[in-house]
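As written, the chains take the letters A, B, C, D, E, F, G and H, and residue 1 is the first residue of each chain.
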Amino acid sequence: MKATINGQPSEFPDGLTVGALLERLGTPRAGVAVARNDRVVRRAEYDLHALADGDRIEIIKAVAGG
Amino acid sequence: MKATINGQPSEFPDGLTVGALLERLGTPRAGVAVARNDRVVRRAEYDLHALADGDRIEIIKAVAGG
Amino acid sequence: MKATINGQPSEFPDGLTVGALLERLGTPRAGVAVARNDRVVRRAEYDLHALADGDRIEIIKAVAGG
Amino acid sequence: MKATINGQPSEFPDGLTVGALLERLGTPRAGVAVARNDRVVRRAEYDLHALADGDRIEIIKAVAGG
Amino acid sequence: MSDLLHVGRYEFSSRLIVGTGKYPSMEAMQAAHEASGAQMVTVAIRRIDLGNASGNTMLDYIDRSKLTILPNTAGCYNANEAVLTAHLARELLETDLIKLEVIGDAATLHPDVRETLDAAERLVRDGFTVLPYVGDDPIACKQLEDLGCAAVMPLAAPIGSGLGVCNPYSIRIIKERAGVPVIVDAGVGTASDAAIAMELGVDALLMNTGIAAARDPALMASAMKHAVLAGRQAYLAGRMEKRLYANASSPMRDLVGTGQVG
Amino acid sequence: MSDLLHVGRYEFSSRLIVGTGKYPSMEAMQAAHEASGAQMVTVAIRRIDLGNASGNTMLDYIDRSKLTILPNTAGCYNANEAVLTAHLARELLETDLIKLEVIGDAATLHPDVRETLDAAERLVRDGFTVLPYVGDDPIACKQLEDLGCAAVMPLAAPIGSGLGVCNPYSIRIIKERAGVPVIVDAGVGTASDAAIAMELGVDALLMNTGIAAARDPALMASAMKHAVLAGRQAYLAGRMEKRLYANASSPMRDLVGTGQVG
Amino acid sequence: MSDLLHVGRYEFSSRLIVGTGKYPSMEAMQAAHEASGAQMVTVAIRRIDLGNASGNTMLDYIDRSKLTILPNTAGCYNANEAVLTAHLARELLETDLIKLEVIGDAATLHPDVRETLDAAERLVRDGFTVLPYVGDDPIACKQLEDLGCAAVMPLAAPIGSGLGVCNPYSIRIIKERAGVPVIVDAGVGTASDAAIAMELGVDALLMNTGIAAARDPALMASAMKHAVLAGRQAYLAGRMEKRLYANASSPMRDLVGTGQVG
Amino acid sequence: MSDLLHVGRYEFSSRLIVGTGKYPSMEAMQAAHEASGAQMVTVAIRRIDLGNASGNTMLDYIDRSKLTILPNTAGCYNANEAVLTAHLARELLETDLIKLEVIGDAATLHPDVRETLDAAERLVRDGFTVLPYVGDDPIACKQLEDLGCAAVMPLAAPIGSGLGVCNPYSIRIIKERAGVPVIVDAGVGTASDAAIAMELGVDALLMNTGIAAARDPALMASAMKHAVLAGRQAYLAGRMEKRLYANASSPMRDLVGTGQVG
């Protein structure tokens, strides 16, 4: 299954959830937020739905800014 | 026939043209321009079409401004 | 004996000292300073010398200022 | 005879006048003015008096300035 | 020195555009127009008075053989009003020039960016040579240029305030980034304001109250003519560098000496 | 409009006085003098070079049939030097005009008030028409006037700094209280500086570096000519009042209407 | 004196909001935050680095028990990007506060009025407490207020420029007409800039580079804390009237006399 | 941070010196003194009223255990009056501190340079710690320093005008060249004026009307205390560089993406 993560095309096993994706990346859930196809995925739903082929995923964090 | 001239409701004989209207007002054609229902009436057409009931007519001139 | 006090010509008994002058005026010594003919009279000397005829005496205090 | 010209000590034959001095320097009279010991020497007097030993002579011109 | 201003297909040797409003009399206005050397003057568009529909109009006081007329859409609060006013002006004056002015409120007379952009897009499409009045907003100016406006006219200060160039930085940024002429419109109160604006490199000035509300409008018009020229020439001449400390104009050597022991 | 400048028994139609220092060439200087419209130019007085005593002097580049020469005492640090320099200048140039300049140090070229007052008193006594360079100090200016100086010449900014009128308040106070012409000397960097100074009501400007150090001195000289005229006319014309809020130039009534429900 | 700042349902005793960008180190940032007395700090939202997805985030350096976090949409060029970024920020930080920033280009970082208004409308609808960054445009500010923004944040000068309040007139007009807090955002370079802004009556300041890029950020943060307080108190205290001429602080009567004939 | 002000043999932790004139009441003055954090206050010297010679004096309202008194020679027009006044003040207050003020006229209250220099020389000889009030004249300041004054006190603007620092260039030059403390005296009208002066690097400020004539003197006194601290810390912290164009506080990379094309 193909998806784009932060603009990078990537290959994933079918049925991968957002939660599993973050685990693969080694990203603590607390420090990030996730959008799927321009819609935010609530934390509570990270493990509910699997990604679909062609999904655009954004994973963001807080950084220095003014 | 009823029409609104520069915001003032007025009563006119049927078949009155823009040209005739200007004549009734004593307004020299050279110094003004006319819009009918938000569309400019070209000078050349002043005598062609009669006003219709409910028309909104704007007659304008140049004034002091910056 | 004539002397000028703060610009005002005044009449005084001969032998009047600065100390006695301040007493006549009811002025506490602590709050003022005195000049005689453009020279400061030290506090310690208030009672030593008598005023002379024609002396110009200045008695000053601190006032509001910037 | 010794004199200082524009700050430079110089040796001159006795009896040298201002006029003769300017001639020696090749300086057209029109373009300069002269002071002798802090006093201006009028043009009319250039040839009247001889310089004296120890004179301080200033010869000046107009230059660019604001 | 030939140094012409090009706005769309129009060309001017004067970089001063003046208004027709607020003069004590028509004679005072004509004297000021003459003294200003301006080649373009603005007029507003208003309804005729039905009770006195035969009266003179401003056009009777403008010699169109010498002066190009720039009608404005002053008083319009939205794009629809501005577009209709522009079309009426074109029919009346037989010109495609329009000073686009869409304000947000009567207290500031500050432009409404959204409505101005909307109206500019429509008027360019309708074939007008559009000169939009705009805030000193470099993005709005760039967007108006991209829409096809022939120039942009950022304000120096609120209309009629006479405060001069309140923000020279923003005017300079707008000019540096503009591909069309930048004409500073509104806010000039006296001659030095005009010179300052021109020294920023802008292409022209449009003013009304600064001249019309002076005690002697014709004399102030002449002052503005000279000020615009002064600022333009200073900009082209390239000013000296500023420095905090002094730098002698006369040489500091070969000084006259005296006998006094220094 | 006849609006003449009177300094002592001299009269000028131009209110711009220019220097002869720091020009890239004598030709550039002459072109700038021509373009400036100035009728008076300053020169400095220095020792001749004994090694080359026959060379040209500045006088060879000034057409005295058109230009009045104003010699200065630039570089003098005390009254004695200034007085001797003035007397030498009078002998050389056959003029009683003298720009009195007694500075306190070379870094600021700021005048020394005490020495300037002392020299002014002596030069007035000796029959000179004294134009003293002074700080923007209203008391020193008044004292110089009381000593008989024909004008006072407060600085706008340090000589050669090009900072413009650093303190318009003090210049304005000096002008309001002066009984002789006030000529702003030093500090003008570009045209708007000149206009600002003249709008304060001063009678004339003296400048050197602002013109000579511009990329194009002749063009800047023309800019300064127009700026001085602009500032003077604006001062005489009486500027509009400033206001924080806008004030429409076009009427806010009889606006064109559209079908849109406003 | 209790003088609290209310923004939406939030309340602050400090009127200084600081950023987290451009500090030499996280320690320097924390010291500056401490010295500033600020109660709200801004953060930006960016993609994680997939190659190093386990690294620290800015949140590890902010004590949320003391500091309210104000996420921004910096870097967004249109409403869609800004709205998505705001929603992600809300999910990440569990706050409805958002500093809305939609810029027009990278050189000026000036806001795009149309996109900012569009995004503001959508974010207010979505329940955010919206603090929009906007130009010093009184109409755009009023429109943002009318859309339901909790405050408006006009710039004092371009982001990171340190030019201070370039146009005090427009800031004053915006404040006089605003019904929500006015927070001056961007452009403050040093303490006096902050005092000047607060003296105009604005409710708070947001700054980043002015502190972070100082040679000693923590000391400048303290300077800014005092400057904001100074400007606020001066505004509330009501300054003296300005006058051109002097007015003695000490009485001019009962002066000490001397024998000298005056 | 220990950052002390040394004037002669005196040492202060506060860099704000305040006056005692023009307060609505003695209570208002005492509250303002308290709020200002000042450690030195000025008083004037005047003849007692012979008709009411037993009345209170200013000394009854100043807690000398907390406040050092700086008597002034305000109102003196020549060196003789100033010297006698100084000697009387020393006898009355048992202090060698004197604020030397010799003015040229009542309208400007501008110092008379010659008389001030004369008086300064005599008072230094007589053992006073002399703090002379002087114009923003770098030469006069240097001469006063050379005469042995413990500090120089150039004006920011005319006494009581509240115009703020009219000429920051001259104040900066004076400070850069001074070997004794520079205390800006007179002209500060509001908090930002004080911050601006301190950011120029001067050592302290003396003010009276700016506080006393505010609507709420005590609150303005607090504002001034914070402003002086703010300006001092900003000066020490080293401000950021100014730039015309923007410089992002938030990174311009790793931006959040949306599905929207371009």
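Here is the rule we go by: a residue touches a chain if its C-beta (ideal position, glycine included) is under 8 Å from a C-beta of that chain, and two chains touch if they have at least 3 such contacts.
Please read all numbers here as calculations on a predicted model, not as lab measurements.
In terms of the stated touch criterion, the partners common to chain F and chain G are E, H, listed by label. Contact count check for B-F and E-H (C-beta pairs in contact): higher for B-F.
Averaging Cα coordinates per chain places chain D and chain F 33 Å apart.
Chain centres here are Cα means. That of chain A falls 96 Å from that of chain D.
Separating the centre of chain A from that of chain F, both taken as means of CA atoms, is a distance of 72 Å. For chain C, the set of residues that touch two or more other chains comprises 6-7, 35, 38, 58, 60, 63-66. Of all residues in chain G, those that touch two or more other chains are 19, 21-22, 44-47, 72, 74, 80, 84-85, 88, 107-108, 110, 158-161, 163, 169, 173, 208-209, 212, 244-245, 248-251, 254, 256-258.
Applying the touch definition to all chain combinations yields A-G, A-H, B-E, B-F, C-G, C-H, D-E, D-F, E-F, E-G, E-H, F-G, F-H, G-H. Remark: chain A residues 5-8, 25-28, 31-35, 38, 40, 42-43, 58-66 touch chain G in the complex.
Listed in rising order, the residues of chain G touching chain E in the complex are 103-105, 107-108, 110-114, 117, 135-140, 142-143, 157-158, 161, 163, 166-167, 169-170, 173, 177.
Those residues of chain G lying in contact with chain F across their complex are 169, 172-173, 244-245. Considering their complex, residues 248-251, 254, 256-259 of chain E touch chain D. Listed in rising order, the residues of chain G touching chain H in the complex are 1, 19, 21-22, 44-47, 49, 72, 74-76, 78, 80-81, 84-85, 88, 106-110, 158-163, 189-192, 194-196, 199, 208-210, 212-217, 219-220, 222-227, 229-234, 236-258, 260, 262.
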